[in-house]
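Labels run A, B, C and D following the written order; every chain starts at residue 1.
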């Protein structure tokens, strides 16, 4: 086959494969919660409940936490699940322009980021805000001191005040370093990095309780960190 | 300490910590290539040589490969190393506005992405373009069939033609799925994902040889994939 | 001169020109509020007061409006003025890497957008929400009907809920069309376009009063539009 | 009507209006090249031919110019025209999720930027590279000197080397200043600004002739500027 006939052939066979995959996946799903074989675009993400009592955070209101979970997180889960269906449809139609297909892939990337980051965010809240000596020492090893780490983490957060974004302490697997990352939105991220501590700086994470006072929210966030969850991720 | 005196204290102690860390790191570096204790902003990335004979790619010229490595990749290594120094300086000065600090963090993120993605790209080139049965089967498990995977991978690439970006087949560690990702630039990425196969769609990856014919470049890229490297990453 | 000696010469003469320009500009500024000759990087933007009584909006609280003006708008004015100084400094030093210079130019672009869009936003609020027949007819001419325009304007706003962005009805001067534009942040914008009606969809524009209910905020925004201001811009 | 019944009503009437608008527009188009009444989503952009002899540029090859015009510019015209049709369809279906609608609006914004910027770029090429005294003096008035302007314009361009973007000298209508702007892609732009001189820094503007040598391309671009066109825009 030449390359271009190969491309035609590929495209022709995709619709059939997608249909077959969908049926296999549906059958598998009926038999088993996590089937080994499934078509990625059919994957439906199941929302994770809040891992702590929303009344229990010190300085973040139950109302804000509930709204954050029910609107921003669940909204992204629903959008992600819906986008997967649109991707399946769009890929099976060879006439879909590639740039429109990428509009859907962009939405998938943003929603995947939103879903995962929100799950990490909620599950690194609900703690005492005190990291144990071992973790502090590991962080100090990468940053010179725990205080340098904290100063940078706060500064990135303050710079994101008034807009969207995330601050992530991550373990970069290629560089083998703990680093803080600035992220402008759900789709900005360091490649090949395990997220350890995740702070939401979208305004929906604090405006309802703190208005524009992002620095106060950062204080509150750090005072509620569940460092045990962070240690497990590392 | 109140939160705000704590912040003042933190900031005051950072300059000292940074200086100390720098000396420790310098001393450590003198004794040892990979010291256990180092300040992250001091980390200097060492460029990785081209892992294949640049004359040996089938359909990508030596001239393009050499320029890609020497200008785009090495340019990013140098910029990343230089930005780290600027970050150390800027963090030790409490008067640096947070939004200007984040300008440097954005550059760090972009250059980190560029460095890592280019290293993955070069090291997944130089092969036969044929994945073995085991890997094809793993990919088919996630996508329904290997052809569906290839069709989507190509389509994302075509949609990025004429601009910047990357296509990445990655293993999303949270979702436990193999997925293809659209990335608009070095700083767009899926969170918590191990990159497996990386295709550069910046125009410097093909314009010199293929002009605007991005689809032909994608054919050529796929024909030169070193699938053994991809399998090792998974 | 060869091109490269010309570049050297240019760079050498820039520091002198910048200094001279600064003095000229300072002298001019002493004599005249809006001097004909000034160096662009010295331009200091003067904040515009709220053009309406912040207690008078129907459904947006005085507290939110005051915070929006005093924190988000004034914050951007201050940042823009400060960035200009940094640009002057950075340009006069030939050793500034171009990618770091562009970090400042990006900040200038974002802050310029924030300042101008906020001024337009505040000055198209405080009205009755009713456009007169002439304006409705002009909008209907471009969109098929006024209702089509409103439906699209609302839909773009709803899609921006939960993040950052703006919706702008603008007159595209090249295309000679009235169009609604989606903008993801202060720096996303249609080129060569006169903004007519500007709606802030950053969460600080509504979270304090409406939580995550972006659609209700859009209702309220439209009910408070000062259409006379919009008509004047057209 | 309550706000929510009003929204329902609006949505119901949109499909009808869109259909009517399409017929009116078609009828108008039959009678007149530039009808006063048309539906904005039906607007089909007519490509502008290259305004100069593609063999005549000094240092940019005919092959590159032809490819740039035929692939990158015409590709965007076609995509823009196609996206308008998709927008009309998507808006008339009330069940279209707002975030998917915005995926199309984003593409419209990017393609609108690409079309307009490319037209400005081509029409400010083909000249002698020498601005007359009056224009140089106007630029010097804003920048301190013509050399400061040129130094900044070049520096922004160099910082964009190896990726995507535009450099634009524009007249900001709100600030009443001539300023140089950094643009990361077709959809990054200063609001309320008349573009005067436009330099394409996407790699397709130079890779074919200059490889990674962006600075040489900038020299060539400036030597070919049609300053008379720039003066007319101001």
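Simple rule for what comes next: a residue touches a chain if its C-beta (ideal position, glycine included) is under 8 Å from a C-beta of that chain, and two chains touch if they have at least 3 such contacts.
Treat the numbers as computed from the prediction; the structure is a model and nothing was measured.
A.B. asks: Please report the minimal path length, in steps, between chain B and chain D on the chain touch graph.
C.D. replies: Counted as steps through touching chains, the separation is 1.
A.B. asks: Taking each chain's centre as the mean of its CA atoms, which one is most distant from chain D?
C.D. replies: The chain lying farthest from chain D is A.
A.B. asks: Hey, how far is the Cα centre of chain A from the one of chain C, in Å?
C.D. replies: 30
A.B. asks: Please compute the C-alpha centroid of chain C, do the same for chain D, then give the distance between them in whole Å.
C.D. replies: 19
A.B. asks: So which stretches of chain A touch two or more other chains?
C.D. replies: Where chain A meets two or more other chains at a single residue, that happens at 97, 99-100, 106.
A.B. asks: Write out the stretch or stretches of chain B touching chain A in their complex.
C.D. replies: 3, 7, 10-11, 13-14, 17-18, 20-22, 24-25, 36-40, 43, 45, 91, 96-102, 105-106, 108-109, 112-113, 116-117, 119-120, 141-145, 147-148, 150-152, 154-156, 158-161, 168, 172-175, 177-184, 187-195, 215-216, 219
A.B. asks: Enumerate the contact residues on chain D facing chain B in the complex.
C.D. replies: Per the touch definition, chain D meets chain B at residues 63, 67, 71-72, 75, 162-164, 185, 202-204, 207-208, 211-212.
A.B. asks: What part of chain D is in contact with chain A in the complex they form?
C.D. replies: 79, 82-83, 86, 97, 99-100, 103-104, 106-107
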